[in-house]
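Both of the next two complexes hold chain A, though its partner changes from chain B to chain C.
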Partner chain A sequence: MSGIFNKALMVHLGLIVVLLALHFILPAYHHVSLARIMVLAVYALGFNLLFGYTGLLSLGHALFFAAGLYGAGLSMQFFQWTAGPGFVFGLFCAIAVATLIGMLALRTVGVSFMIVTMMFAQVGYLLILYYNEYTRGDEGFVILRELRVLGPLDLSAEDIRYLVALALLAAAILIKLALVRSPTGRILIAIRENEERTRMLGYDPFRYKLMAMVISGAFAGAAGAAYGILFGYVGASFASIQYSILPLLYVLMGGAGVVLGPLLGTIAMFYLIDIASGMTSAYLFFVGLALVFLILVAPKGLLGTVRERWAPWLP
Partner chain B sequence: MTTLLQTRNLSKNFGGLAAVQSVDFDLQQGEIRAIIGPNGAGKSTLVGLISGRIAPSAGTIAFQGQSITKLPAHARVARGIAYTFQITSIFANLTCRENILLPAQRAAVAASGLFGRVDEAALITRADEILARVGLGDQADTKAKEMAYGHQRLLEVGMGLALHAKLLILDEPTQGLSDSEIANFIDLIRTVSKETTILLIEHNMTVVMDLAQRITVMNFGQVLAEGTPEEIRANPAVQTAYLGG
Partner chain C sequence: MTEQKTNSTKTKHFTRRDTLKTLGAAAGLAAGSHLMPLSGRYAQAQSSEPIRIGFQAHRTGIGASYGRWYERTTMAAAQLINDAGGINGRPIEIVTEDDGTDPKRGAEVVEKFAIQHKTDIVFGTLFSHVVIGSAPRAGELKIPYFVVSEGHHVASGKLNRYVLQPGITDVKSQVQSMAPWVGSNLGKKVTMIYPDFAFGHDHRDYFSAAIAAQGGEVIEKIAIPPTEQSFFKYFPRIPKETEVLYHVMVGPGVLTFVKELGEFFGSDRPQIFGFIDSLEAVDLANPGLEALEGTYFWEGFPRYAQNDGANPHDAFYREKVGVDANGASLSDPKDISTYAHMFGCWETLYIIKQGMEAADYKGPADRAKLIEAVESFTDFPEGPEHPQGAKIFNGQTHQVFGIQNISQVTDGKLKVVHRTSIEDSLYEPEVDYTKMAF
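For the complex of A and B:
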């Protein structure tokens, strides 16, 4: 058992080392892209915890991403906070929102849960537009460069930005790996597989689902806050339905219920959109084509298929 | 003997149908009790009420002298009432061992307190012990959905055992088992009953007569008779209910 654990741990640590090595060799364009991808991957990792492990499909995760983004952005804007306090406040906002929404939305299941979470996210999006006096609505606002510092680190510098994004991703991967391999992770998977049976084994499903929702929301909030701080822009489009669907696409592509699936999915989807939109404005056609292809060839996603065929030990 | 479980005036109506009507049911600590009765007599509904899967329309349930009437199902399991499903309900995509680890972990957490650590190695040892006890020792790494139906039933029973409960409710556990598996099952329940009170719903009369110290007969949602196997066999009302009068 511990041997298996070490093997899994080595794979995850190895990947983090590879990402660190890429920092030194990637050309500028891909360097920036990968920094962006790593932050979005944190978002997808959190989404996967709820969707892939606990079996809950939320269509309103943009709300938690936006809570982190605006929590950080607005507090820095209005109180002249620097990145550290801004990030913590953004994270706190996302956790608070996820707890509240979780307590309400988890009274529903299945399709109702999807609809309820989506509606709450729409409310959040419309609130951002409504209070455009503070949020600048669709147009958004730029976080001042001099506030985007963490101690001596200038987070708007490309090198530092990449390394901070990597540090955040590494933390997210290791936290998630520890969680899904813990006794608690086993209960989350049990709820996904058979909720009624899990209840009759003495576990309160609501409590564990709420916990998964809050941790997932915290990942989303951390990603949102980091995105705002590292790239300096806060706008309402990040709270739109599109940003609720994106992590679902990342997770489906990379493999639901595999720790690293969302990272791979984010990379693949990001470059797919990037390359396709360079060729045609109908880039969503290629996204759709990729999804159809995926469903036909690898319905469990890229890493889900790898685990099924070659690496059953992959957590 | 002390009373482990007591229901008073326990009733459940589904629309106009009284599935369980004013049942006063007492279970003593350490006994093996069987509930029998024709289909639709209310046996499964009664244990559903006791385990908390079904909310009662009226009446009370007390476990170890404390009311559990308002407790949700998972809290009753935490108090020591384990329920194994009539319709096999296992974690089909997980391995046999993982199926047992989940209830074993629940029992370990309950034993070690809120902040106690769960020792994974000890948990696995315990799970493998239970698998060996129910005769699935060689299938620990098999996915539950790939097992034969009878083996899935045994896994279901194993999950109940792993909870280390004070009261183990078995809802038609021998359904679909072969004769030799039934013989093993009877031995197993005898051993388990030294530490655990057993409440058994069963259609197989050989199992009932062999295992049960007392039998409760239900008909039309009510308790028709209660007594030792000999008394029940000799009871004319029971014969009428079963044979049609």
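For the complex of A and C:
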């Protein structure tokens, strides 16, 4: 099963081509929704690297998403940068924040790690509110449409937005696939399964966990920067605890430790909320019901169950 | 074991050939579906009857208490409009979607209205962050977005030509119009207590400038962190020479704030002035709120029927939206309305009607004509369609201006003691949306 053109790679490449094909055939509403879903799925893919593969449950990932969002948004707002430099700066901010937080938070484990990451995210959220003069706090701000361009591409156009979101998702999927199938990915899984044994084998778990944290933060930051640039809004709600929980739900639903699980989870969660909220104000009840049902019948998530029963080769 | 075996026999190994076949089939599907260009899929046909109005409602989330009453007011006005023959001879249909008072979901809901529900316009949003989060998508999808938010974001020029606020005044004009009366009647040395986020900062900045123009000054600004649960520790910062305490606390802590404020001052207190935003949908008879007796509030539309003959249209409007003389639901006296704000939905719907009639609106192709028609309006006379009072509209800034009320808590009820003029609330335009392309 080794070699470039193996089954797993073909499935992932095939999915990217299918998503490209959907660009030409999807009804408009699903087309615009899928663009949004793909950006959020990048966020969840990054979360999954830390949670699903390395075994670290962060409850503060909104901080990294917001670092990318505000890094891009504020630089575009104050320096009149266009999307390219804005995105790169947003990504840089997320990587810097993830490195710093990782070095501090990874000194803790288990529940402590969850609490410490959550508290750092809360600090980030309150800083956004505190520096209201620059961030407009909870209200947020709009990124000027004329700055949302990448060379000749107008990123506020529906077709360009979809294709850029797809390009970002494709890059995220392929990077993550390469990573989890590499020796480094095996070490991350080893840390998840038994950190002490991994240490005994001569690896430095802290170093690898920090690397996973930084890459995961970079995915979140890339998604945040892209979200602001593609949809034109930057606001503090994206830094709130709710947006730290969302990728966890996406991953749990789609399947932790499966590369494509977060994408499937994001799609499922988006449409679950979209359809249920059209029928009742108690739509979160249905989200909860779905998660309980999932835990009962498919505790490893949708794709996790598929891998367990039918496709053990799925990375 | 049997099941396992069955499963394993069903397992099909995915070869490169299979993948290529699948991709080929997908490509064939695309080709066979007579690919419609993307612009065609996003375009709308001329809608036939009825006129569909997307109502972006805060049914859940922090804005739910406002959203509930915004929805009731909208439905009442829509019913009246339909009873009177609709718009251009067509009935209107309100299509409601919950935005969860969340800007991300708000933007998604705008997309849903524009593309899936194919509504003619989107209407009714209150919370500023939802408006600002949704506005870019409204502009990109070229769908008129009539907000009822009272935020200054529309008139500040940071949104786009598709966003209008013709049915409710903005916070800048409200705060500015309060200052002359506060300075003349309550005092000129003001201490402000406000939440440390955008809403509070707007009050701080606009009121500081407005009271300075009256010869007064803000002698202390006390920003309360949004997560604060208890407020006692902030009160010693209120200077002794304070003549007026100006407060705009909002959120679940407001009852604690008022209670602790009352306990701190006792009977020896400065004049207290606040915005009713803090206590919309809250019963003034709540235990602890006795401390508010004798204090003053801004109200957009007075919650309690005044019976002073100043507003001949209040009784009609009050009955139609199902509110009693105390501002509570006719069916449940404990269900307090958001009376100071919700008239904005009523008045905005009538302006949409007026705009569609002026533009001879027939369908989405006439959306730009609708916006131009509304931009051309200059004033809205007081009447059943504008029960809160007469208004002046600025087409350049897409913002309306109107009278404001200052009420005093007297015997547990709000009694109007001053009505501002429209002129008190005017300020220099900061944007000209009419120069922006559609």
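Observations on the structure shown:
The rule we apply is simple: the second predicted complex is superposed on the first by the 311 of 315 C-alpha atoms of A that agree within 3 Å, B and C clash if a C-alpha of one lies under 4 Å from a C-alpha of the other, contacts with A are read in each partner's own complex, and residues count from 1 in each chain.
Methods note: a contact is a pair of C-beta atoms (placed from the backbone, for glycine too) under 8 Å apart; a residue touches a chain by one contact, two chains touch by 3 or more.
Not measured: the values here are computed from a predicted model.
Touch criterion met: A:129 reaches chain C, while chain B stays clear of it.
In the superposed pair of complexes, A:7 makes contact with chain C only, with no contact to chain B. Of the two partners chain B and chain C, it is C that touches the larger number of chain A residues.
Shared-chain residue A:17: touches chain C; no touch with chain B. In the superposed pair of complexes, A:279 makes contact with neither chain B nor chain C. In the superposition on chain A, A:111 makes contact with neither chain B nor chain C.
With both structures placed on the common chain, the touch criterion links A:32 to chain C but leaves chain B unconnected. Within the complex formed with chain A, the residues of chain B that make contact are 51, 53, 72-75, 77-78, 83, 85, 89-94, 98, 101-103, 105-106, 109-110, 118, 120-121, 124, 159, 163. In the complex of the two chains, the chain A residues touching chain B come out as 1, 183, 186-187, 189-190, 193-194, 196-205. Interface of chain A with chain C (complex): residues 5, 7, 10-11, 13-14, 17-18, 21, 24-29, 31-33, 36, 126, 129-130, 132-133, 136-143, 145, 156, 158-159, 231-233, 235-238, 273-274, 277-278, 281, 283-284, 309-311. Chain contact summary for the complex, chain C toward chain A: residues 7, 10-11, 13-16, 19, 22-23, 26-27, 29-30, 33, 35, 38, 41-42, 59-60, 97-98, 100, 102-105, 107-108, 111-112, 115-116, 128-129, 132-133, 135-137, 139-140, 151, 153, 158-160, 196-199, 201, 225-227.
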